[in-house]
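Down below is the structure, laid out as structure tokens.
So that you can tell them apart, the chains are marked A, B, C and D in the order they are listed, and the count of residues begins at 1 in each.
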């Protein structure tokens, strides 16, 4: 039975701080081997989870959602109205996306997503979050100095573009719909998806181009 | 909880490593920790309790150790708290319990079904009508509770406007204490200049999802 | 500055080591660092600039390294900034400059005179009349500047009462930027229940010394 | 010339973080030897400063102030009115005490001193601050949970005693005047001073007794 008692857990943390091996890999190994011994997890299942998030579940899912929205006005309209159903059409509904919202970049609006309190992220369509997204530097600065953050990512915003920062404090998750790059008339959905960068769907990349890598 | 995890607007953390190699996991143990967190948990944990356990990590460890290391510490502490593991077992790396029945192995197809099944919904039907409508002006509460909360420190005591109503959602503060209570949830929009003195009239805005009990109506 | 140094009310730091051995210095280097700070400084440093340099230390170092180690880092960084030392010199541990005239040695008697001479006063005569009188109700300002300030985060946007007026004192925020400007300084008293939700009606109070520009009159 | 530029200093700190030796003793040694080479300090002077604060300038000064206030009503009245002049009578005026205030414990009031923003302390009458006074634990908790802090120090306060916490945010410094212990009639000033603990002058000790150590 879980205690739900912060004081009890603080004490456990202090014991662990003194007694766990310093190396992270050893900590995880100890946890895994004990859980396996106790029959609480299975190593082959862990392998399968790692493989799923290494290969299939990643930002290329989000890129396809974006490309489809660029090409198919009906899909885009459904995506903006009800992103959950729209990504479910593609089989992408899953971890942390049951309350997904899509926010659209325009000529005068730039969106940036952060989780200042932990590291919430729309896993089932973007995969594992980049390390920088989880750092104190990004989490502290994205809400206070979004233009400075964007500059570090090479995004130079005109003063008249409004920055909208989305802090993921509840179970809603945000996906940025970047602007379709110029000179891509006639591109296929697959070709367009290749132009969509992961960072553009978080908001730390703005101007996609036929030369950018997805 | 007013801890170091509440990072929005804090200064001193330096530049961002924008040149990070784009791979899901930067070491094997990261992938395994992620995977463990997907398939091993105690039945009565809530996502909010798990977050709270992570917030309770020693502040220096929280800020300095690798990200998935904090997941390991959170999972280990939460398992010890709920009785699946003991401190002795994790420190000695030896199970004291008689092995139970093994979980059946899951293959890749099972995993994809499991990922879809992770689309947990947090919205609930409640009888109470929402106290605010889109466009209403509100003030966020000033005093932060000692327990888990999702009203960031930088957005306390600040004027905002209701941008959207999301229906009622499971209230994080209560859920972190093991109680499922739903409350109306809103997107509240704040002008940068109301949050940060240096923002001045910059027209940037910050959108934060906040439960009804974090809010008071603006006084006219 | 909204940094990790601003610790009042933060949670998660655990128990206090109340059994510490009562000696001035717990290692030789601590005593020497203390002493260096007493007799070596650049002429245009202010105490507030020195404090700000200390606040700017990497947050994890600030929280985890020994106390007088942070003095060493502060002194080294401030000397590099003001040109007495270079980064190369401190890293290579070799002076690049031609030795100047040595400071004369001071003996114990000199030191006692020096200690007395350290009774620096920060009160100044100014023309402006104080805006508040003892008993006046005030509100502290809500928005914290990015630079050095001495209005702690836990006491922002809070109602207080003027407990005492100390005359005008050198204003820390300006002094940390190299400008000496004096401003009226007050002791402001806060009810615990206005600062901390869990304090309720507990009759404890917190007294904080605050400059006039941190305050606004309470609205009636 | 000092830059007074936080960004410049942050950069210096980051360089130092990467390049300074990890051991504190080595850092201080490097600093001292460079300053000596450059003629900015003298090693014998440093020795003399260390000796002064190891031997003479310490809490026994504060204890004498307290004992004198217990015995001499005129001194106590001057101390409460103008602590700076009062300690100057004893030759104790000095570092960080030019704006000293004395706050008195009574049967219904307990005072506790902290510096939440750094570690301000009345050096010339109490010497070097204890480590615990400078820790994040004390600085964070003293203003929010003073009764919990006092309990850890073994001070059990009745609910009807008001706790007054003094956060040293400006250049004022605070000295707690503890209550005179019972059964000390006829004690000399020197005998009384021996009963005054350092912690009682910070506020983390309350009830002095003829058996307590100064």
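Definition applied: a contact is a pair of C-beta atoms (placed from the backbone, for glycine too) under 8 Å apart; a residue touches a chain by one contact, two chains touch by 3 or more.
Treat the numbers as computed from the prediction; the structure is a model and nothing was measured.
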So which chain is farthest from chain B, going by the mean of the CA atoms in each chain?
D
Centroid from C-alpha atoms only, then distance chain A to chain C, rounded to Å. What do you get?
40
Taking the mean of the C-alpha atoms as each chain's centre, how many Å separate chain A from chain D?
49
What is the distance, in whole Å, between the centres of chain A and chain B, each centre taken as the mean of its C-alpha atoms?
14
Residue numbers in chain B touching two or more further chains are 1, 9-14, 55-59, 63, 146, 195-196
Chain D residues counted as touching two or more neighbouring chains
10, 14, 136
Those chain pairs meeting the touch criterion are A-B, A-C, B-C, B-D, C-D
Chain A - residues contacting chain B, complex
1-6, 8-10, 12-17, 19-20, 24-25, 27-35, 37-42, 44-54, 56-58, 84, 91, 93-99, 114, 116-119, 124, 127-128, 130-132, 134-141, 143-144, 146-147, 149, 152-154, 162-172, 198, 204
Please name which positions on chain C make contact with chain A in the complex.
12, 14, 59
The residues of chain C that touch chain D in their complex are 1, 5-11, 13-18, 20, 22, 24-29, 31-36, 38-40, 42, 44-45, 47, 49, 51-58, 61, 63, 65-69, 72-73, 75-78, 80-85, 87, 89-91, 93, 95, 97, 99-108, 110-112, 115-123, 146-148, 150-152, 154-155, 166, 169-170, 172, 176-178, 185, 187, 195-196, 203-211
Residues on chain D engaged by chain B in the complex (per definition of touch):
10, 14, 136
Footprint of chain C on chain B - complex, ascending
1-4, 9-14, 55-60, 62-64, 142-146, 153, 156-158, 195-198
